[in-house]
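Consider the two complexes below, in which chain A is the common component and chain B and chain C are the respective partners.
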Partner chain A sequence: MIGAKAQGEVESAPTRGRFSPSAWQPSQEMVILLGMLILLVVVSALTTDGYFNSGNAKAIIRAAAITGTVAVGLTFVTLSGNLLSLSVEQTAAICGVLLAMMLRDGWPAGIALLVILGVAVVIGTVQGGLVAAGANPIIVTLGAGATIAGLTVVISGGHGIAIGHNSLDWLGSSKVFGLTMPTCAFIAVAILSSVFLTRTRQGRALMLTGSSRSTAIASGLHVRRIAVLAFVLASIGCAIVAALTVSQFHRADGIQFGGLTFDALAAILVGGTAIQGGEGSPARTAIGAIFIAALSDFMILHNYSFGLRMTVQGAVVLVAVTVFHLLRKRRRGR
Partner chain B sequence: MSVVRSQLKQWSADRDSQARLALLAVVWIFFTILDSSFASSDIVFSVLQSFAFLALITAGIGVTMIAGELDLSVASVAAVAGILAVKMAGLGMVPAIVAAALIAGAFGAVQGACIAWLRINSIVFTIGTLFAMRGVANLLTNSKSVLLPLNDLDFSEGLIERIWIFSPYTFVTIAVCLVLGIGLAIGKWGREIYAIGGARPESEAAGVAQKRPLIVAFAISAFTAGLAGALSAVVAGSGSSEAFESVLLQAVTAALVGGIGLYGGRGRMFNIVVGCLILESFLAGMIDQGVSQEVQQLATGGLLLLVVAVEFLTGFESEDGERSGLPPALRGGFGLLDRRSVNGPLRADGNQEVGS
Partner chain C sequence: MTENVVVTVKGLKKSYGAVQALKGVDFEIRAGEVMALLGENGSGKSTLVKILSGLVARDDGTIQVGGDASELATPAQSREAGIATVTQEFSLIPQLTAAENVFLGSGLSGPWMQSRLQRLAAPYLEAVGLEEARRRRPVESLSVGERQLIEVARVLARDARILIFDEPTAALSDVEIARVLDLVRRLVGEGRSVVYVTHRLGEVFEIADRATVMRDGRSQAPVAVADLDVDSLITMMLGRELETIYPERAKELGEPVLRVAGLEAPGVIEPVDLTVRRGEIVGLAGQLGSGAGKLLEAIAGVHPPDAGQVEVDGRPLPGGTRGRAIKAGLAYCSPDRKEDGIFEFRSVIDNLTAPSLKAVTPYGWFSPGASRRMAAGIADQFQIKAGKLEATAGALSGGNQQKVALGKWIGIGPKVLMVEEPTRGVDVGARAEIYAHLRLLAEEGLGVVFASSDLAEVAGLADTVMTFYRGRVVRSSPAAALAQDDLMADVTHGGTVAA
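Coming up: the complex of A and B.
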């Protein structure tokens, strides 16, 4: 009986493609997402005294900035049809440890930043290359994550690396329009990523590859090169976050970014990016990161325990992927 | 009986199994050359102890991989089941362990039903449950450890009491793997799981039930994860919300070393068990050589990448060189293979026809 029903569902033909070049038009997902965010802020404001004092909004954005920067970079992997990466926190950790060691040894800040950028590009290229060759991204990044984490401990000797004042202090302490550097970087990365995706040839090629791999191949796009590009961009996001964190806290260790991978994935999924690729936007991921930060701010203000906060966040991810999945199915079914 | 005999005959003629057993022998010979005291019954016993946990988890995750899906939530489910078993110790130890495993199995069935009914990608769904279940583990314990009452520790010790190179724990694992292996090979549900994993559109066209095998696969993976978590928590005498966080890497590595196909529909329980033995022997050998935990992790990750590379070098690409047969979950689950969602009709090999 179940089988017969499933057979019946296979009939109808698709009516429209999933690829839409103008990400600036608010999508259904974006409307829902913004609506939920506003609802959350209203509920928080009504139930919390002094919610709108200036510190709180900044705290939310600051919390969203680290996760958001990584998540926006990781969005390229998902959008290009390569599912996701499970190695971002390890990539950020190795970049952070290397940067701290170089600064400790008195390297010029510019060179140190270039070196970790190079390391991130190599990590992204290796993973992207394996995925481009046809390997499963989940398994490649799971293996790569363990390898990188092991390397990080070997390099750092398993100790945290504390550094004093150094040539990168300006990055951790300076402010632009009253916003801290991580916040500025988050906003800049989100805007640049949106522009890249919608306004450049490479960006559109990346979207098309995720939307329909076979069409992309037929159009003569280098889908393998695009997979490598997506993983490199994700790794660069990790390097940026590593530099910001190390310059701010003056220390680095192998477990500094624990939980970052799943927070970033949660932001992407709550932002409604389709795991199949080709649908979603960095802007939606950024709003997703802010939504999760606002939610956790609300729960902390209301003294929810750690376990409850984690459960709620997991449940929100489940509800979000289900709702967005059904939405897409309905849209396509028409 | 004749079915069993034909299966046994198949096994003995199986090149895959022979190659894996040879690899297992190579690992043991290699580490025995490095340290002549390595090949002792003590080491075998301790390998089998850690094998008992890993094989249960890997058997479950392997079943979902054969079905062309992937259950990422096993580690969190194992942690929750471990906590539940310790908390229910008042029922008596055996009922507590069985109840914890059954609760986990029921959760898995619901998870499988959601994935099948929504036709959603199992990876995204189980990322959500991975996170939520870790949260539940924290909720149940208030982020601390829960301890087994002192007078139940006799049972814990009995569970790992040495019987030659085995223990009751390893017997449980071997029994579960045996039942699952026979079921997969000759049971109707087993054949359905291979069918939806190997060729989902074709199996659907042929009238194979699409939802039931998914529910069964995810129920099995959560049940075995729950059983492993409960047994290990009882052995350790405590349940912790942080437990088993690294087991996903080991289980996926062991499953791939054991020849579970990256594309679904391929792999057998016997080889999964050998894969777990290879990985555990490899880890034990490194411990014997005094290799640090981080380097072990590095080596496990490297081994995983190596297996992936070998899998591709030995040629599982289709003629046009493009990946065509990625399992449904890994190419976007039902979403992509659902004929309504693709932009053109599916060719027989599962590739999407271009631009119709």
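Coming up: the complex of A and C.
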């Protein structure tokens, strides 16, 4: 061998000990997030009588569940380097309206659920396909959102669809370990998404693509397929939320999910997922959603006005985005 | 001697977290001189340059510019002190024209200013030799070399007294290099000072008056270049003797593993035939735009070829996509490592397993054990320290990054490895290692093809040499039978040396 040795810029001692694959090292973002959440809970508990008695924790997670489920799905779009989707609430709305109509007409719940799942997959595939072909995700999903919203009005005739007892009642009313279905679904989606991202081939490929699209292409990864996959996963999150909501409220209409898109994006950003992609996780998004819900809970308990709540929530997103950006910058040493 | 010193740096220290990049650096430069700044990657010269540019704050030490103590805490302060840096990272705005980029940040821009901008920028672009026809095109459509020339033009426009050239020629062809060197001479002729950071020792002897060699975060006393030769310089950089940087040539060659017939592609004007045998290293010599790199891109499926066949191991390759080429065992590393060679922000493990994701995800499920074993195996073979497997690839030195960019292909069980500019931005010590690795891969039965504008590299490493000039093959011959003069003539004149 040639007697020359490269001198690395980062000299670190060999750390064989760290090689055990089970050692889970939470990201700095996760540590900060959990720290903030705990701080918030402690402050809330100290300033509110009976904070822990009143089933508050469950209420917070229940409040986070709908936004959180959608946000976790949407995280894949961001992680894969495709920015975001602005058609989330419209996708959920059309799924909800279709589901309510089918249930009203007496379709079996299983078939109806499969149909809206199929619709969600189609919606995700079309948007993902356009983005994969090189279109800007913001424009595509803005356009798709308007189209879907219009279609929803056409299908429903512009009316809300109310349904009585139906074959999907079990979903709205049953509980597992004392947790409502939306809560269970949120937890399950968050866990499955994390597993998918870190433990499957497609998940790894998605993350690599988000971290450098050109290197991913040069490495032979199928970046187009991955864009489609990301948008399909985001759409499926919307379909799940639609099913949960319709089964609970026995009605659906075109504006049922107003504001969901931005709430979901807020959860992703507070969770510290980089908008450029390649860094972040569904778990962090889930914690982000819970944090926002806990903050909202705290403000309601303290009788903050609606306007003030909005102001604080917006400011929190700004601060989070700034802090996480600076953190990344420092970690990347530039 | 009491020649007027314009910059004096004393006792400079800087740490990044636990890593001490500068452990006490002294540095000075006089008016009207070229001071070469040399050192292996990781020796601290980039950090010194960044501190002088105001991009990085020092922990300790003093800097005097023109006799006054200077903070240099921000790029603006550095600019005010009369310091300007031509960086190796490209900081041009891709959508703007050359002229607009020259005056970036000066308030002169916008579509209504085009003709005035063109006029104002003309002398600077003229000085660096950017062709007039190319000046009105967006920078993104220009070659890497041309973009580098614009970087230089931009610094000229600022009329700085102290210019830092940070590897200005790493991406340039020989003709362009000559232009930059001329320019440097002219600048110091005007009484300016130039700090010249480079990995190419030849350039040091061509233009530098003195040289400061850095090693392991410390500086050595500046020496007059006239008192030096290449060997002593290398010894100073490495702190030890370097016998030779090129490994021995192949003793015997195997069966042809890659056969290319009649290939035409954008940038390759005449059809090219090429055969690579197992165990053989073929070097394609050519300047930027010679077609050597484009040929590799076409074979690798980066751009579909216009015509011709590619056969791997006797089997025709339905060309056109990277995916198919990879499946057929064609590994390819582009010259732009940062852009598409590595995942800068992912760990070395993730990088090394990226092209062979299938192998580390049996039945679609990721196996951390398999991933680590594969990465550790490659790291071992390429002498990437095991402790660095967890580090992000972007934090490694240029040499180690290149090892990652090359090594990641081992996982696909490649039959042919194609590399463009295998040692760009890589220091002397790591260069030798990379050459040794390429040779080792050839000895294990791979066919290796590399394209390079560094003629010494082609002559030293390749078994067979093909020379390229303006999209055409000039010659194909065993390296041993080729003198370096011929090589030079081929790639700079297309072989037609005037009688």
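Everything below uses one rule, namely that the second predicted complex is superposed on the first by the 308 of 334 C-alpha atoms of A that agree within 3 Å, B and C clash if a C-alpha of one lies under 4 Å from a C-alpha of the other, contacts with A are read in each partner's own complex, and residues count from 1 in each chain.
The rule is short, and it goes like this: a residue touches a chain if its C-beta (ideal position, glycine included) is under 8 Å from a C-beta of that chain, and two chains touch if they have at least 3 such contacts.
None of these values were measured; they are calculated from a predicted model.
Enquirer: Look at A:H222 in the shared chain and tell me whether it touches chain B only, chain C only, both, or neither; answer first, second, both or neither.
Expert: second
Enquirer: Going by the contact rule stated at the top, is it chain B or chain C that touches a larger number of residues on chain A?
Expert: B
Enquirer: Would you check which partner chain A:S212 touches, where first means chain B only, second means chain C only, and both and neither mean what they say?
Expert: Both partners, chain B and chain C.
Enquirer: Should A:R332 be classified as contacting the first partner (chain B), the second (chain C), both, or neither?
Expert: both
Enquirer: Just to be sure I read the superposition right, which of the two partners does A:P108 touch: chain B = first, chain C = second, or both, or neither?
Expert: Neither: A:P108 stays clear of chain B and chain C.
Enquirer: A:L308 contacts which: chain B (first), chain C (second), both, neither?
Expert: After superposing on A, A:L308 lies in contact with chain B but is clear of chain C.
Enquirer: Can A:A135 be said to touch chain B (first), chain C (second), both, or neither?
Expert: After superposition on chain A, A:A135 lies in contact with chain B alone.
Enquirer: Contacts for A:T198 in the overlay, against chain B (first) and chain C (second): which applies, first, second, both or neither?
Expert: second
Enquirer: Which chain A residues lie in the overlap of the chain B contact set and the chain C contact set?
Expert: Dual-contact residues (chain A): 2-4, 6-7, 9-14, 212, 214-215, 217-218, 332-333.
Enquirer: If we count contacts the way the header does, which residues on chain B are in touch with chain A in the complex?
Expert: It is residues 70, 72, 114, 118-121, 123-125, 127-143, 204-205, 207-212, 241, 248-249, 252-253, 256, 262, 292, 294-305, 308-309, 311-312, 317, 322-323, 326, 330-333, 335-336, 338-344, 351-355 of chain B that touch chain A.
Enquirer: Quick one: which bits of chain A touch chain B in the complex? Just the residue numbers, please.
Expert: 2-4, 6-7, 9-14, 17, 81, 83-84, 130, 133-140, 142-151, 153-154, 158, 212-215, 217-218, 262, 265-266, 269, 274-277, 305-315, 317-318, 321-322, 325-326, 328-329, 332-333
Enquirer: Going by the contact rule set out above, which residues of chain A touch chain C in the complex?
Expert: Those residues of chain A that touch chain C are 1-16, 18-19, 21, 198-205, 208, 211-212, 214-222, 278-279, 332-333.
Enquirer: Which residues, counting only chain C, touch chain A once they are in their complex?
Expert: Going by the criterion above, the answer is residues 16, 18-19, 21, 40-43, 216, 238, 240, 242-245, 247, 302, 322-323, 326-327, 332, 334, 339-346, 350, 354-355, 357-358, 361, 364-366, 368-369, 372, 383, 385-388, 390-392, 394-397, 399-400, 403, 408, 427-430, 432-433, 435-436.
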